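Pasting the structures here.
There are two complexes below, and they share chain A, which is joined by chain B in the first and by chain C in the second.
Let's look at the complex of A and B:
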């Protein structure tokens, strides 16, 4: 399996979050609160689930997702999932 | 602006158990007669429900004063009958209930395609009957319910529905339902949800409905659109004491916008309501008049 660099994962996530939720990439910082900055409502989570599946081919589950607060949490979660950790 | 539904269904478990007891002891036909007395009680002593349903008949449907009053009473009788019928079917009690299915083949096709989908209904007629009869369709159905609906009724329903074909997804604050819905759809399963009620704080769409602006939940339409799965509108209404008519339109995948599906839904619902006005079972201030 090809190893994906953490920085590439971060970059890819930032690009699709910025496009999908129409926020400037500069607003997306590792310690920023993801829900607040992206202004996520419940239906936005549908978008999030779909874009993650489309971009990384992984399914999110609610237990994991409830622990994600910051963008860094999100990067780590996605990175761990695609690395099979 | 319309008032939101408070997130609790009418009826207590004791009431449901009472219906079940009644059917078993005095039989279906006698229970129907007894219901007429119960309906009269609610007609006389349930002023809040009376006000909202009177507004619906008198102002929205423009019924005469006398026709509005008789329709309210009949509406209560129909409502009671739908509850009774639900228990007759679920409990497997012998009955004479028959069904017609307009568009049943659409559901078979949706199941056969295996892409999952949304069936959007309303509190018109007896959707639970429709859900139960979907045993004929080879797919797994997920019925969306609000978390704050009465726990006891959820338990009762859980016990009585066949777990292998019908699953309940509860709409929760932690948004776990979003993930459950997505997974169900990805597994080719069908999501059954009402498109006419919402809880405070949820995103809504507005539309002219029976001549006045009303709000509806955006969620069902947004989810079907975002997940790019087929969506159809289904209704199960009573034609008479023993006969139900099930309607489903042709499922389609929305390509324009969630609002487009929503507008089609409102048109379909309004047509159905005008055909079956006495089976509208939303006893709250739907239009916020």
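Let's look at the complex of A and C:
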């Protein structure tokens, strides 16, 4: 299996978060608070599960999100999951 | 003491146009909104005829969360309600400071249900259906979305009464205000326009198959009618107590005089004469008017052989040989189903404001029952001070409304 580059994962995440939650990509920065910047409410996490599955074929649950504060946390979490770490 | 109930705003989004002014022009000129949907034919429909309208782009008007739970019919209803509030002079501050209710007629959200189910069959995991599917799928999708968007704090419910849904929503809003339970209610009807919602209806063989000439296919009361054409969109009206309208200096556009309803207690799809006759008579009785005061009748007539004949007899039972102009605007719109009872009040309000009776296009030859009525295939320039509007639906549900001009 080909290894996916971290920067590609970040780019892919930024694109689908920007499209799904209708925020400008420039607002998405590694140390930014994901919940605040994307203005996520409880229903939005349902949609976040869907877009992650559509883009990476992996499924997250609510406990997974409890550990994610910044976009960097999110990039790392997704990267680890798809790398099998 | 009962309140008088007035109309202070209305809006429309239909195959005749996406705003009141465009629709006024279509009504006056007798322009049909019917076309042929090739996709329906490819999928195996007996008739591909339908009202043609495009979905509004709400991206610049509403946030993502406000749009995501909204089905097609809710999008139409948002547009018509926005127009109605604007006409009524009701802004966001007024909405926040008053207890305003909402009653809409809607009886399906089939596309959302079917697409949600198809996605579930593909994913086999309910958590992958997204957050919007449930809110799009319920019959109350229109009222739950609009009450949230406009922050409405009064009565909040959907009326499902087949093709009389919109009319009954207006009638019930009228009752809430008349008895002092609400001072303002947004009322209306909405109807999705897609093959998902109409395949089983098409299967009954009740749709017109004049596919070679869509504009002539809907011909209510005409001897050679061969069925209805499904259509849709949304219509909204602002109902208000007379006192409220006067207090805030609103322009009063009409007064709801009465609401009659009945059930046939008979066949599930075939109409009869007795039920509609009682509905019309109940509206007249509640209004306290004389039949001679009616200047115009907007008929339910959908262009089906049985239904139109029954309504023609019911109308004749009530008005006799009086030559009151009768027209079915479904000759232009097709059958707007759950929305029709509300849109036809809006169409009639437009006629009342601009002094004309819209035509019953394609009425070329009467049958034995419609020959007794005064039906014109062309617009008539005349004043309307009071009109009657009928709506009838599956299960034998009937609703009639009487509205007058405020003189």
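What we mean here is this: the second predicted complex is superposed on the first by the 85 of 85 C-alpha atoms of A that agree within 3 Å, B and C clash if a C-alpha of one lies under 4 Å from a C-alpha of the other, contacts with A are read in each partner's own complex, and residues count from 1 in each chain.
Everything below uses one rule, namely that a residue touches a chain if its C-beta (ideal position, glycine included) is under 8 Å from a C-beta of that chain, and two chains touch if they have at least 3 such contacts.
Small disclaimer: the values here were computed from a predicted structure and weren't measured.
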{"item": "Three-chain arrangement built on chain A, chain B and chain C clash or fit", "value": "clash"}
{"item": "Partner chain(s) touched by A:46 [first = chain B, second = chain C, both, neither]", "value": "both"}
{"item": "Which of chain B and chain C A:59 touches, first, second, both or neither", "value": "both"}
{"item": "First (chain B), second (chain C), both or neither touched by A:21", "value": "second"}
{"item": "Which superposed partner A:73 touches (first chain B, second chain C, both, neither)", "value": "neither"}
{"item": "Residues of chain A that lie at the interface with chain B and also at the interface with chain C", "value": "41, 43, 46-47, 49-50, 59"}
{"item": "Residue numbers on chain A that touch chain B, as the complex places them", "value": "41-43, 45-47, 49-50, 59-63, 65-66"}
{"item": "List of chain B residues in touch with chain A within their complex", "value": "174-176, 178-183, 186, 202-203, 218-219, 222-223, 226-227"}
{"item": "Chain A residues touching chain C - in the complex, by the definition given at the top", "value": "21-22, 41, 43-44, 46-47, 49-50, 53, 59"}
{"item": "Chain A contact footprint on chain C (complex, rising order)", "value": "63-65, 68, 125, 127-132"}
